[in-house]
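A, B, C, D, E and F label the chains in the order they appear, each numbered from 1.
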């Protein structure tokens, strides 16, 4: 596909890179229910013993480090499933930055209920805010005027892919294909099985939904040439150094979208962006984000 | 995206339009379990009363009309979940044609178990073979040398989308996007909400995974022009007559994939294919296929 | 069982053939959740990209052909699960006829939410209204004064039996047994396994809950005689022509309920009804109803 | 319905009162999985600590009191889900009597696995064997020559109805209707809502599947007369004393099946049976059976 | 652990033996949904036929014998899942005693909805109130001044453990370990596998979470001595007579918690308590509680 | 509880700190199924297009960095659910160290099936091996002769707690309480609600299962004194510096288990261990372990 400059530019200059992403309600409810069953499903013996059922409480979820917030609606769902009468107000919306000390959300109501849901809400928010924060760091590393996307991969936490992809969007990043069915991505073993890059790409074009672009992963300029000749819509340069990326981009011209992947660290992003890479996909956004420090302070 | 002739051709001429589609095992098991719980979950009082537990039986699933077979592996899973000791052999594979009277599969073992699973297996196979048969009729209506695809839509039976999409592939058709997340398809209300075709397309390009093509549904040649100018990768001509389709294809040239939809019947397919339409999507493949006549004959 | 005229008559003359059928809430919610997970569970990329979260919309579900409405409460549940703040009002209740062009229900609220649920709601309503419409056509074919029931079978869509049985009731039809546990229906293989019609019926009488009638399928007048002698409460005449049905009814007298089944088409219903058949069961009500044309028009 | 003597007799004299009842496999697996998740889902810390993974064991499930066995196939499924390599052999089949001390089943294999599943298997078998044993006591109380059935009710343990109904069949009893959908049982509040016994029965006849008998609960001879006049197929005499039962049976003649319910204890069964009652339904079979003493002895 | 008198005393004298136990909401909803699907999931044919959708009703759940109430919040959830518009008010809270004739809760709203949920609500409440009542009888048997606990075991109904443990707390009893993962309880087979009491206890101490006490079941005073020497935190005297219990308690001194188990009946509790037993665990609290008589009276 | 030296020592010196931990099979299957549904549930369009159904493959999972292996049985279950005919052999068992380049497991069979399950298997193993590796680093930091445990917390990934706790055990660490029901851990808000440390501890002792130790978190030496006086079995020193830990341990003597928590890093572990801390619990073991580098190499 021709790679029109105006298009690639728009996804940053039009200011629409975060267009209020959401998590579908049934998915939100299902995952939260599983998490609550895991931690609270058999009761909370300490709270039941120590805290009177009539005791009220108020607490604030506070950032203890600078971060990009993600998961407030998940926390809301956690507390809603624990006790519909809790009142929760969000002070910093998902996708916004919070300074150390900032109050992200406030919650009040039954002290028992707040204690019951606290850990599960924190476990979600610490992890997802870490993903959003790490993504934002990468996105902010793209020099002005460059139109490169930071994208996630399928290296997500089993069971939490929907949430982590949402966190990437909250951090200003973009999602890659959702799962093995959502788009074609031809890797070395597919090529080996099909016999050649050309054969693999032709089979994929003939078989896949026409709504899916055909991406082919290549590990050399020779393979890249084959992929372009066979009509790949996008090419994934796997573990290319900067010099090879530059040569690859020159070869591609307007013929395909160029994605770079393979252990890309934040410091390398500016150079890749200036070379004209369209997409940098980074597994570490989700598999190594760890957890940010967020805590619940009681008033 | 340029629409290279060689590519569009290959999906039929390369002979790979059915490349052994499969249904993932966990999905297969989950849907079959739900179906068995619905019909057999509380027991089979007649069989329990009348048929001795030691009685053996042999039965053949026979086509009572010409059809394209679909669902033999689903039937196998049905009977496996009922009784692992049943022996089932498939005589006509999914995607193949069967004449009236042909034996599609044979099953032997506990008579109780065969009776327990018979209705559920038939309910799946009659429905899915009807989808495959109807799809095949449409695919066979494409004149030699034309490279048009017959595709399904999201108008599938709630809960059975995975199976029905598989049936379409068994009939030689292609799948459209899997669900609302798998690709972008801009419709009139998206355009209205975004303000214009251009704005909708630009937002989608900026937001969607780069692995997804951007399709825009249009209902006039003016809208088509807007969509092409804004860089749509594919256009869906909604309820266009043949003359308008011809003009649209001339306008599009190599700039986009052309899909036609809106109550297309089998007899219109040859004309649309000759006009050079890339994709004809037909909701009736799944929502109105009905059931073919398949029955279980005991030996 | 003696077949008292007053009783058979009442189910049409008492005007209670549709006595406000309902779908239990937990079943309704479960099936709708599965359908939403299938289509929307991973998000709606187009709507998220193009439609601002604050945009409001109003839409009307309209009949595009004459039909019997079925599924408005299912649509309500679909939209409720997507977004509790949507406002939905039903204009034509389930079981009522709608002319082409009639507004069946109206919905307003977040445009995103309406778009998110539209396809799932339509997939249910198009299919179930088709079942109700087809059933109503059959029910209306019964001549005045005849007391024949139109009944469904177990040839339903796997996973949707509860909904399709409801649709049959909405169309003025009656349900047959719910599943293999709900009542006894002795077929040829049960007879073969038991050794004789008499043995099968006696075993069933001895084993089944006393709340279940014993129905025996017969394919000849000889078998019918055996079944009556053995005390069947109901007989199912399988693929009998009209002359044989007449002879069978004469043989039965007041001794059993008479059901006819086997590819009965609408045009044959008046004759069967006039012969005095009690129940005509028709698999095509559910397996071949297809979909009626219902669409969502935005204001 | 006329109550032919030959029929009522057969269900005991034909020797088919236990015709090898079974539990459908998907139901069996689902309930057992829930039970294992509850007890073992998070591990067995004691066994993991103390028992080497290579240690083998052999154990025998022994009756510590005379009982009717029920649940051996459930125990098999428990141990199969814990560890497919365990070897289990059933010594006393479900429905058979075991003396105190008798070995009901033997199991050998990994000692860890046997310990993991022991409690869940025992919890099922102790409870279900108690139901079967209590049922058998009631069934054995029926004098020779009487054709009365002992039946369960819907007063079962939530979640275990399928298993408890199976246990009743193993004890020689019969099942009543499976659930609220399986058959019609008109109670006082239905009569009050419909306005009269006649109206309730007519509505039910007009609405219910023809495969279901219409049972009407009555609490006086006046109501009984109404129910018979309106054509009830069965009548449930609620809390009638023996004299009233006798009068009721005389009134009913051959017109309906006669069921007695309401705290019937075992010692009253012979008299009721001699009076000619067809069905005695006893909630205590399931709600108050308690647990028999069965234990696992290691070799 | 030293067994400080003040501590053991507190759990009765501090008046906190029922500190408002609760069932987590997600667990409550899940179990109730399963129960409703089982009884009502396919509809209520009698009520649908006989009761007009507009009919209103009011009913009172009444104790028909003296009992300790348990399950009102479960009943509330049952009726909420059936119909959110029902109004339910609790007259006697869980854990309180109700005399014969007392109204435990009142419910009003759609008559259909009350009838739909009645049986499921009763099945839960009759069973759980029986557990609470039986537990209360045992707790009340402890003489004033004694600090003995009555505890449940893992001999609970599969699927209902959370509810039955709650019922035990409502009856003034205490819970034992939740499941095989929640704490260490070394039994004879663990000892056999480990080689000796000492080895089993040391392995368990080395492996288990430090939050878990190590309990060792012993069947003789020799084993008790071994267990104490090896540092067991608690000992379970299995089937000891009173004289042996007395000797055991003298041996233990302050070194461990003393639990007695093995068919303890209510009449033996005072003696055991006076001997200074800390915990009496009784499987019959849950496996043999049966059902109390609670019924729904319509106004 | 007195803290006997022999006991604390044994959990390292007896060499039983990894006593072959396992994951219960039903839990293993459930979590793996969810993960497969998420990635593969709708098919693998690339593999279906490019790889012939008959193509065989062999691949080796290799460590690309030194690590402690965890998850081989999970990978086995992943591939088993994808295709029962795959052959998998484990070369390095869970809990063992693998050098960079070492082959951890080998798999052979259908190339399609290996590609289908590859990503899910890797997502599990990379994450869990990281947890095991990080835990092992901490465990190895304990000086010889010290008896300190490294323990996890409830800061686990929602949905994966069972797997992550297993990984901690594989790394030589210990588990803390499983969930809010498994043991008592009194925190500041419980103390505030109860009114005092003493009151909180007494309520907990009176209410909790006797199998659970009572742990009290303290943030000052004053609170520690209160907790000891009230009879806490274990104390959690929250964010104490080394000097305060030393003073705390002197105060505690033999009266309680001493746990230290609050951002403890590996380099601080030797000092804490030498001070005599019993348990160091570290949330980062699970929330910040990230992913180790493990990849699948095809032969």
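Everything that follows uses one rule, which is that contacts are C-beta pairs under 8 Å (C-beta built on N, C-alpha and C of every residue); 3 or more make two chains touch, one makes a residue touch a chain.
The structure displayed is predicted, hence computed values, not measured ones.
Shared contact partners of chain C and chain F are A, B, D, E. Placing every chain at the mean of its C-alpha atoms, the farthest one from chain E is found to be B. Separation between the centroids of chain B and chain C, computed from CA atoms only, is 25 Å. Per-chain Cα centroids separate chain C from chain E by 45 Å. Our note on geometry: chain E versus chain F, Cα centroid distance of 31 Å, whole angstroms.
In whole angstrom, the spacing between the mean C-alpha positions of chain B and chain E is 53.
Contact with two or more other chains is made by residues 16, 19, 40-44, 48-49, 52, 116, 178-179, 181-185, 203, 206-207, 209, 212 of chain D.
Each chain pair that touches appears in this list: A-B, A-C, A-E, A-F, B-C, B-D, B-F, C-D, C-E, D-E, D-F, E-F. Partner chain B is touched in their complex by these residues of chain C: 31, 34-35, 38-52, 55, 57, 111, 115-116, 119-120, 122-124, 126-127, 154-161, 179-194, 199-200, 203-204, 206-209, 212, 283-284, 287-291, 298.
In the complex of the two chains, the chain A residues touching chain E come out as 33, 36-37, 40-44, 48-49, 52-53, 81-83, 112, 116. Chain contact summary for the complex, chain D toward chain B: residues 16, 19-27, 30, 162, 178-179. Interface residues of chain D, counted against chain C in their complex, comprise 1-2, 4, 6-7, 10-12, 14, 16-17, 19, 149, 151, 174-178, 181-185, 202-203, 205-207, 209-213, 215, 231, 233-234, 257, 259, 278-279.
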